[in-house]
Amino acid sequence: MQIGLVGLGKMGFNMRERLRAHGHEVVGYDPRPEVTDVASLAELAQRLESPRVVWVMVPAGKITQDTVTGLASVLESGDLVIDGGNSRYTDDKIHGELLGSHGIGYLDCGVSGGVWGLENGYGLMVGGSAADVERALPIFDALRPEGERADGFVHAGPIGAGHYAKMIHNGIEYGLMQAYAEGYELLEAEDLVTDVHGVLRAWTNGTVVRSWLLELLVKALGEDPDFAEISGYTDDSGEGRWTVLEAIDHAVPAPVISAALFARFASRQDDSPAMKAVSALRNQFGGHAVKKAAGEAEAGSGT
Amino acid sequence: MQIGLVGLGKMGFNMRERLRAHGHEVVGYDPRPEVTDVASLAELAQRLESPRVVWVMVPAGKITQDTVTGLASVLESGDLVIDGGNSRYTDDKIHGELLGSHGIGYLDCGVSGGVWGLENGYGLMVGGSAADVERALPIFDALRPEGERADGFVHAGPIGAGHYAKMIHNGIEYGLMQAYAEGYELLEAEDLVTDVHGVLRAWTNGTVVRSWLLELLVKALGEDPDFAEISGYTDDSGEGRWTVLEAIDHAVPAPVISAALFARFASRQDDSPAMKAVSALRNQFGGHAVKKAAGEAEAGSGT
Amino acid sequence: MQIGLVGLGKMGFNMRERLRAHGHEVVGYDPRPEVTDVASLAELAQRLESPRVVWVMVPAGKITQDTVTGLASVLESGDLVIDGGNSRYTDDKIHGELLGSHGIGYLDCGVSGGVWGLENGYGLMVGGSAADVERALPIFDALRPEGERADGFVHAGPIGAGHYAKMIHNGIEYGLMQAYAEGYELLEAEDLVTDVHGVLRAWTNGTVVRSWLLELLVKALGEDPDFAEISGYTDDSGEGRWTVLEAIDHAVPAPVISAALFARFASRQDDSPAMKAVSALRNQFGGHAVKKAAGEAEAGSGT
Amino acid sequence: MQIGLVGLGKMGFNMRERLRAHGHEVVGYDPRPEVTDVASLAELAQRLESPRVVWVMVPAGKITQDTVTGLASVLESGDLVIDGGNSRYTDDKIHGELLGSHGIGYLDCGVSGGVWGLENGYGLMVGGSAADVERALPIFDALRPEGERADGFVHAGPIGAGHYAKMIHNGIEYGLMQAYAEGYELLEAEDLVTDVHGVLRAWTNGTVVRSWLLELLVKALGEDPDFAEISGYTDDSGEGRWTVLEAIDHAVPAPVISAALFARFASRQDDSPAMKAVSALRNQFGGHAVKKAAGEAEAGSGT
């Protein structure tokens, strides 16, 4: 079928490839002339036969909002917009209502798979009406991995459910990564273990902890032994924070996911104000030595 | 090749099957007459040609220690003992020295894969000398999964390294399980998500969080929708505790693995003494209502 | 000086007492006839000489918003409103602007001390302009504890700073209470310690952990040995959640305060969906026994 | 009464002062000639009239063990040894049995108060027999703070109970310090709060979070505004680790105390191996930028 695709960055570009390889006609729009198929959203709308389906694959927040608003003005009643970006699920209600007021349908679709999705297919979690989902099914079938549809695609619920599921997916991802990372550090810390890379690799088959993330960890460690070339400074891109906010809002205990999030925050601090306070306190009550900011240890005396 | 196998429980029984299916001659010993091939450790030794290789697959702690001691008295110099159980890695040094004083070799082997290992093969992490590992390689090759040896087997280091690696494997496992579990609870808590089982299933292919544990979670939820038939009471079998002890001993931060361990402890408490204290404190300073032990809420009055 | 006081609940009632005991003239308003001095906000405004000062001491959220809106319509330019409740600090900007558009000044004041404040005085954290703070100083001096003003009162910054500081105060409070509570449980868990109450009491003087909360814990345990009469079910009243939200918003690691918050969430669950998932997983891969929802242990088989 | 005191470091020296100020006769021994009263343990024993009481105040572990062994050989049946150091409670059983085999009594005494104890008195937690406690009561009364005996002293249980209680005291201390520290960082992180030091000081009176540690924090921040002169590098001296080990051994959830311990571990890492692994993983699946070890950000490309 025919589809418009707004946003041809790392993800959107690959998705255009995959969709075309599956026989769909894709008209892509991106502000960068070197990748775009059309010059504007208006031209995009013009090039598509109605009823149109347009997939939005741009950064969450302002850019997605602007794109949805722009599409509302160039599309027509009966068209369908799918937001495949990492929008916060609370934005979906707003987008759905805005488009709905123009008679335009809306689906939110959480997409997982990163740069590997071109080859492996993307895991898809969709929110919206059954009719709209049905209509876009050929697109979803092209993007999702081979095999049974339910092993890589879900209609999770009404508008918002897709991005909610994707947010939780990413929250889990934080926890999984931190669990492997703690284990990696514990292996590195013990002299008895002389082949840490080998241990991780041996876990990729047959064991309880085998996973795709583990395979990536083995690959990464093969490319950069002892991670000598990178620092521990680790960004976070929103979904982990949102997951903890949801945990608080739903009164759900989330000690693992929040610990993983806080470890990232800490990784970005040159020095911790909190630990300065702890160190100062120890010095106050016990005369414990503190380390000066400049780096030299001050003489301290005990208990 | 020929091998003795002590312990024919859930794990050992399956391993005998798998080894025989791969053409090895296995003489098994177990105190239960209905499964054993010989009547005693002495008969086991008698039935094997020297130099013998004996695999121990019994519960960690006292039973493993007794078995190793028993083997020391019936085996001969030049024989080899492999402990495939979940022994604490600090026991391996003791076992290795005891057997070594009789000229008997020793390997410790962490084994992962549970009841699925019979079919899929077991992930193996081995500690000991290169010569002893070389000698038992046909056994390891039969037990590990198909494919490249390094994807399912590792000689991790000297004696103790195998069980250390297995301990960390299990510590990671605690963290992974808890991450999925928190995500599951967050999906269940949100009304927008109408097909939680479907979401988890959709994650099994293409996504960043795909793993064997996730597949098992999907399977479990399929068998018992909403986990209506089981309670959250969750045991722990030692390795998780040991992993946190190692983290403390090596001064390695392990917030995720320890949070997963503590969640299990909490799951086994009918009521929490700590939270009684918190509740009592709130009542003291703020006049906040407390819930009586019997279950009725007492009138409280505010801030 | 003269002051209007809206809200005569547990906190406001006591504050009226303390203010009058310090020689101030208080006109109190509360919807409950048995405690109020006037019949309406309008009468309250009428009874006060301008420029008026009105202290609001009602539950945060809707009721505070309605009160502020009500006051905006009965007060006049040059009057001053002080919100002494537990409002979220982001509400203060809104209230300050609303009142400011009528020429009415605004201060937000975090108040700590609970039911003990009547006797001991209240710790006060104030946000707003220096001129408004100066004007209400006699009131703050009456409410705060005896001694130096700075040991019980602070002008923390512009509008919002007072409630922000109070929110963080309560977040810390969560962490402190949980720390004592974990220690209490660890003392109870060890047979060697035969006098837990005595240990806690001995800590109230001379030790590093001495505090007012510890004194309350000793008092509570004296009144209800072993906390036999209360359950661990523990509510939370907002500021702890907000504190963790701020931590996330400011990318500040807050592992202790969040752990304390999650412990409260967990205390209110009859059974944990997350731990059901963990228990189900253990059963899937290892054949570990699970506990049935009804309570009976099912036969399981090991590793 | 007369007492021998072994160890005249920061703690022991002050205790000799306080005991003498309360009219006791103290014979102190320390290897450093400039502070000692006698030249050897043997001379110490000689100088004391039997039955003797000797207080040991030396570093936990080997030095305490050697001292106890030394005292066993110079003291006589009927004498009494009190270990006031920070020994692990499991050492007490050994020390008690060793001394007991010579007919010498033993008490373990946890001591809190640090360098402030000289002036304020020390919080004391004692383990041992009632008869031995009774005998040393004049010493305990001199060391503990003024006021009621039970507010600063407890006979916590049999041998080991004193040090167990002290260990838990210190574990709680970790949690309390971290709670204040997180709150401090959250105040510092928010621009609205223009007087962080003032906020903390205002909390010292009337509020729920008032405590001695808070007073020390205010003092420390007064001496070193913004903690500009110290680093966050924070040591730990054993009891926090032991507390978490006990939590694990007793299956008691201790999320707050363990989080505080792990924060100290992390404060001592120049870079985190675990976070390198997380950062490498993000790069693998998402092409997320990583920060090079050298410090320069590498170009990355997105989601």
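Chains here go by letter, A, B, C and D, matching the order in which they are written, and residues are numbered from 1 within each.
Convention: a contact is a pair of C-beta atoms (placed from the backbone, for glycine too) under 8 Å apart; a residue touches a chain by one contact, two chains touch by 3 or more.
Here the structure is a predicted model, which means the values were calculated and not measured.
Shared contact partners of subunit A and subunit C are B, D. Think of it this way: of A-D, B-D or B-C, only one pair shares over half of the A-C contact pairs by residue number, and it is B-D. For the touching copies subunit B and subunit D, the fraction of interface residue numbers used by both exceeds half; the interface is of the same-residue type.
The most distant chain from subunit C is B, comparing centres defined as mean Cα coordinates.
Averaged Cα coordinates give subunit A a centre that lies 45 Å from the centre of subunit D. Distance from the subunit B centre to the subunit D centre is 36 Å, each centre being the mean of its Cα atoms. Annotation: 31 Å between the Cα-based centres of subunit C and subunit D. The residues of subunit A that reach two or more other chains are 114, 178, 180, 182, 185, 189, 208, 213, 247, 252-255, 259, 262-263, 266, 272, 274, 285, listed in rising order. Chain contact summary for the complex, subunit B toward subunit D: residues 208, 241, 244-245, 247-248, 251-255, 258-259, 261-263, 265-266, 268-269, 272, 274, 285. For subunit A in complex with subunit B, the touching residues are 89, 112-114, 117, 120-125, 127, 144-145, 147, 150-158, 160-161, 164-165, 168-176, 178-180, 182-183, 185-187, 189-190, 192-195, 198-199, 201-214, 243, 246-247, 250, 252-257, 259-260, 262-263.
Interface residues of subunit B, counted against subunit C in their complex, comprise 9-11, 86, 114-116, 177-178, 180-182, 184-185, 188-189, 213, 216-217, 219-221, 224, 227-235, 237, 255, 259, 263-264, 266-267, 271-293, 295, 301-303.
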